[in-house]
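Presented sequentially are two complexes of chain A, the first with chain B as partner and the second with chain C.
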Partner chain A sequence: MTRPTDAVVVGGGIVGLATAWRLQARGLSVTVCDREPGTGATHAAAGMLAPVAEARWGDERLLPLALESLRVWPDFAADLRDASGLDLDLHADGILIAGRDADDRRILEDLLVLHARHDLAAAALSARDARSLEPALSPALRGGVLARSDMAVDPRRVVRALLASLDTAGVRVVRAHVASVTRTGGVARGVVLEDGTRLDSGAVVLAAGIATPSVGGLPEGAVPPVRPVKGQILRLRGEPLLTRPVQGFVHGSPVYLVPRTDGELVIGATQEEMGVDSRVTARAVYELLRDAIALVPDVGELELCETTVGFRPGTPDNLPYIGPTEIEGLTVATGHHRNGILLAPVTAAIVVAVLTGERMPPELLPYSPTWPVRRAPVVVPT
Partner chain B sequence: MTRPTDAVVVGGGIVGLATAWRLQARGLSVTVCDREPGTGATHAAAGMLAPVAEARWGDERLLPLALESLRVWPDFAADLRDASGLDLDLHADGILIAGRDADDRRILEDLLVLHARHDLAAAALSARDARSLEPALSPALRGGVLARSDMAVDPRRVVRALLASLDTAGVRVVRAHVASVTRTGGVARGVVLEDGTRLDSGAVVLAAGIATPSVGGLPEGAVPPVRPVKGQILRLRGEPLLTRPVQGFVHGSPVYLVPRTDGELVIGATQEEMGVDSRVTARAVYELLRDAIALVPDVGELELCETTVGFRPGTPDNLPYIGPTEIEGLTVATGHHRNGILLAPVTAAIVVAVLTGERMPPELLPYSPTWPVRRAPVVVPT
Partner chain C sequence: MTEDTFVLAERKLTSRLLLGTGGAPSLDVLEAAIVASGTEVVTVALRRVDPTGSGSVLDVVRRCDVELLPNTAGCYTSREAVRTARLAREAFGTDWVKLEVIADDRTLLPDPIELVDAAQTLCDDGFAVLAYTNDDPVLARHLEEAGCAAVMPLGAPIGSGLGVRNPHNIGLIVESAGVPVILDAGIGTASDAAIAMELGCDAVLLASAVTRAHDPAAMAAAMRHAVMAGRLARLAGRIPPRRLAEASSPFEGRPDL
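On to the complex of A and B.
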């Protein structure tokens, strides 16, 4: 038994850590529980903050949340840098969308229509202009789009900075798995760890990504459905080739290349693989390298340093669940799928609002699991 | 100072270890020196024992040595298994040579002429027959050859077995780098280690692979020229796909796939890269996976477990140097290039003959660095 805190955050990925940090900054006492903070989907993520470059027809309902989080990212990053003394490698020169062949160029044209409809900051580029921005792009490129406002950050640096800031602020990070949520009179009032230790709290925030459904102590349906979506991602190193991230389409397949200041290049990611097979497959590595080399030929000369599998928390309607649940005292912040890095700041802000009783901007309410249309999840065609 | 031994072997790759083991078996006291035994070219090697599948026009001078070593491998393996109690994963079902397109089939036809000229055990296979031997081969295959007598072994297991056997036999393995050879009146009489320790011996055997030229204490030209030849190799794991190794040609590029009994599949190897860049490049991984998947499509579903760079000791005329040198007491066993695993038993036998004053079969004499035509090395066209 330890002293009760105002909130226990279950999950130490970027969402859980950012939420704990922001709750603490608002004066709440917080405990975070994760066996290995920052080693889940966050560890695999490339860190594109790309509501424009990753906007897709059919997924527009995510846009208000994504754009709001992009808007607050620079301040979030500046605060975090000040609190931790660590650099996050934030890139704010936009993201270049590139099309390899004529069909890929049509994909870009189609995206430009979507961008225009939502008034997103995107400009068509000739292949020549794209190559003058990024000379390492293949001469065979057929067209480009510059998503000027999109950014990128190094998620592993963000985790280190959040852990350092939490440490400085005296927030306890318990390196243990949460077995269950405890309830008193139906109200969530803490958690029990895998070793039986009980942590009492005024509120519980479930931010456990794909592990969210495995947290016990809750009635069926109390926690929204989250499924693991496998992604495979490569890390290469060598001569810097790009000054900004490139989101490419190569013969219809998406591939992205995210450069870091230190010479790392992150290449991802395989799409929408179901299941919990955590193996890095030969085919995924082959196809990622093939498409990356087709866009940026000199990628072939880089060193392949790391292959990673991540499991992103997907939801039936492709929207995250952020907000209160039917259970008093229980708030969720999960289901961020491919957008956990982008959405961490706005997610933390929403959870702070929920726990402190603040009024939320109405456009952020529809991401709550209690929002009426989300109780019977709709399967959106992919 | 320690007691002098009959021989110091410089280098603990498969060649040095096998040589030390065979010398000890003949009653000589032996010391082996290597900072990290078995971690050089041997660690990267796939372990094909393939004088037939790897026979090439222009390289026929290696054939007598290669065939003799293949002939003695089964006994060598049996002895080593008995001495160590360890299994070497020796495969003796032949190697299948596969051609992907019509041009690749012409490469096979050309090789069959070479095989016939040297009376090598090789049989043409229709694509259908090749696939009935190895059903995982692509239906798009255009032809095959079965090299019935070729074999394969796991080099890492061989190293473990050799180290265990040396240990049992009381052979000292000094985990240190040799700085120089010591000479008394011009005669090699031991070595000095990197820390200054002196090891005296009746004879010195240089088996240091690519490190051979860096051993000091010898006049220029005393040690034959050896240069590092980079190779990149992949290790995958999963459902067993092949019952025997496949040496393939895919649109003119060679690629081999060597299955192990435990489910590992070794894929290699990039050819003839010069220099000492030890990075695993994206292009090498991409091309190896591309060609392996073109031959055996289900390779795509395997897990990519390891990428390795090895530096093989190449020589100007593509033949190893095995035998006495101009310096009395100094024997070399190096320059085995892509054939170190295959040639280890015959190399050990030659060094034993040299050190014990045995008569060597005349067909094995031409690999000595003192053989007349080798003093002015000929560059063989590749």
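On to the complex of A and C.
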């Protein structure tokens, strides 16, 4: 039995670690539990901070949250750099969206309509203009869009910086799996680890990604539904080819290439409804490389260093669950799907607001699992 | 009018719209689209789902209380398609399958030789085979002879939204088929679905036109109405087209005021 803390954060991916760091900065005593912090979806993620380049018809409700998180990312990164002394490899030169053939250009035109409708910072580029920004792009390109405000960061560096900052601040990171949440009189009051150790706390924050539904001790339906959405992603290395990330469409298939300052190039990613299937498949590697090479021919000369499988925590409406649950003392921060890296700072801010009783800006309320619209039946046109 | 049902692989259906699931932005949006479409049959690619997983597209299908039609999307040879169909039969406990054998990535057109091969093997094995085929009346006849429960000619390549590109051939297939004809692939918008039904198809199967629309549920509702409208128009019998006008109200007998 250890001294109770104000909060236990279950899950040490970018969302859990960022939340713990911000809670601690507000004066709360915090413990984080994760068997291997930063090795889940965060480890696989490319780190695009791309509310605009990743905007899609049907997912517009994510935009207010995504744009708010993008807005606070630079300050979050600066604070984290100061606290850890580590560089995060933050790129803020925008993201270039590229269309390979005439059909792909039509996809970009359709996205520009969406961008205009929501006043997003996006500008159509001719293929020539796109290639003057990124000369490594294929001359066969048919058009582009520059998402000026989008950014990118190296999620693995962010995890290292968060762990270093937590260590400096004296936040305990318990390298163990949480078996269950303990409740006293219905109120969440801590967790039990896999070895039976009890950690008491004033509040519990569930930020366990795809493992969220398997945390025990909670009645059915207390935790929102999260499913694994498999992604396969590649890491290559060699002569730097791009100065900013490229998100492209090649004969209708989406692919992205995210350059790091150190010469790494991340190419992703598949989206598969295959459950927890951790196999790297030949077709996925082939198709990712085929499409990446169609956009940037010199990718073929790079060294293929790593193939990774990750599992995004997907939700039925593609929106994350951030906020209080119906169980007193239990807050969730999960279901970030494709957007965990982007949404980590705003998620941490919302959880801080919940735990300190701060008022939340109204535009950030709809992501709470208890928000009425989330639970209403879907509206069906007749 | 009496109830206008049709029978597909021994299943009596009221809705003549079948829905594919690929391309939906989220599971909630897919669910709204399924409900709005009024469909009774939803097709899912066995190779793209985990039959044992929870919280997936399969849960949505179960919740909507529609029939699951497994398909062999992603198969390029007869051998792969047959194997995938057998896995689907085992995974979903159902003997019907939408058979797709694709020739290449660029066009996703059916490979006719492999298709007939696979259809024959699966029909002999007791499957109710719904064959995704080209708009070729001769190939449709071969598939029917192989024992397929339905033929599903394409209107245009998968995902192209180009509509019914060869209405004449679709009409020829309808004229000679002794099994249901379901127009599959190529539908872009509601009028395309209506045209397919006016040509005499028994039903329409579509996915992208709904799942990739800006508002999938609204497009699903539009498709439901379009399929009903096209079916009614087919039954009602269209007027013969004329080159010149013919006044709908004759002038004879009108009072000269």
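FYI, the second predicted complex is superposed on the first by the 373 of 382 C-alpha atoms of A that agree within 3 Å, B and C clash if a C-alpha of one lies under 4 Å from a C-alpha of the other, contacts with A are read in each partner's own complex, and residues count from 1 in each chain.
The rule is simple: a contact is a pair of C-beta atoms (placed from the backbone, for glycine too) under 8 Å apart; a residue touches a chain by one contact, two chains touch by 3 or more.
Everything quoted here is computed from the prediction, not taken from an experiment.
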**Item:** First, second, both or neither for A:Thr307, with chain B first and chain C second
**Value:** first
**Asked** Taking the superposition as given, does A:Ala140 touch the first partner, chain B, the second, chain C, both, or neither?
**Response** neither
**Asked** Looking at the overlay, does A:Leu289 come into contact with chain B only (first), chain C only (second), both, or neither?
**Response** first
**Prompt:** A:Ala123 contacts which: chain B (first), chain C (second), both, neither?
**Reply:** neither
**Request:** Have a look at where A:Asp317 lands relative to chain B and chain C in the superposition and call it first, second, both or neither.
**Result:** second
**Request:** Examine A:Ala78 and indicate which partner it touches, taking first as chain B and second as chain C; both and neither are also allowed.
**Result:** neither
**Message:** Taking the superposition on A as described, I'd like to know which of chain B and chain C A:Leu365 touches: first, second, both or neither.
**Reply:** neither
**Fill in**
chain A partner, complex, touching residues on chain C are 24-29, 31-32, 35-36, 48-50, 52-57, 105-106, 159, 212-218, 220-221
**Contact footprint of chain C on chain A as seen in their complex** = 56-59, 225-228, 251-252, 272-275, 277, 314-318, 378-382
**Message:** So in the complex, the part of chain B that touches chain A is made up of which residues?
**Reply:** 234, 236, 238, 279-283, 285-286, 289-290, 292-293, 299-304, 307
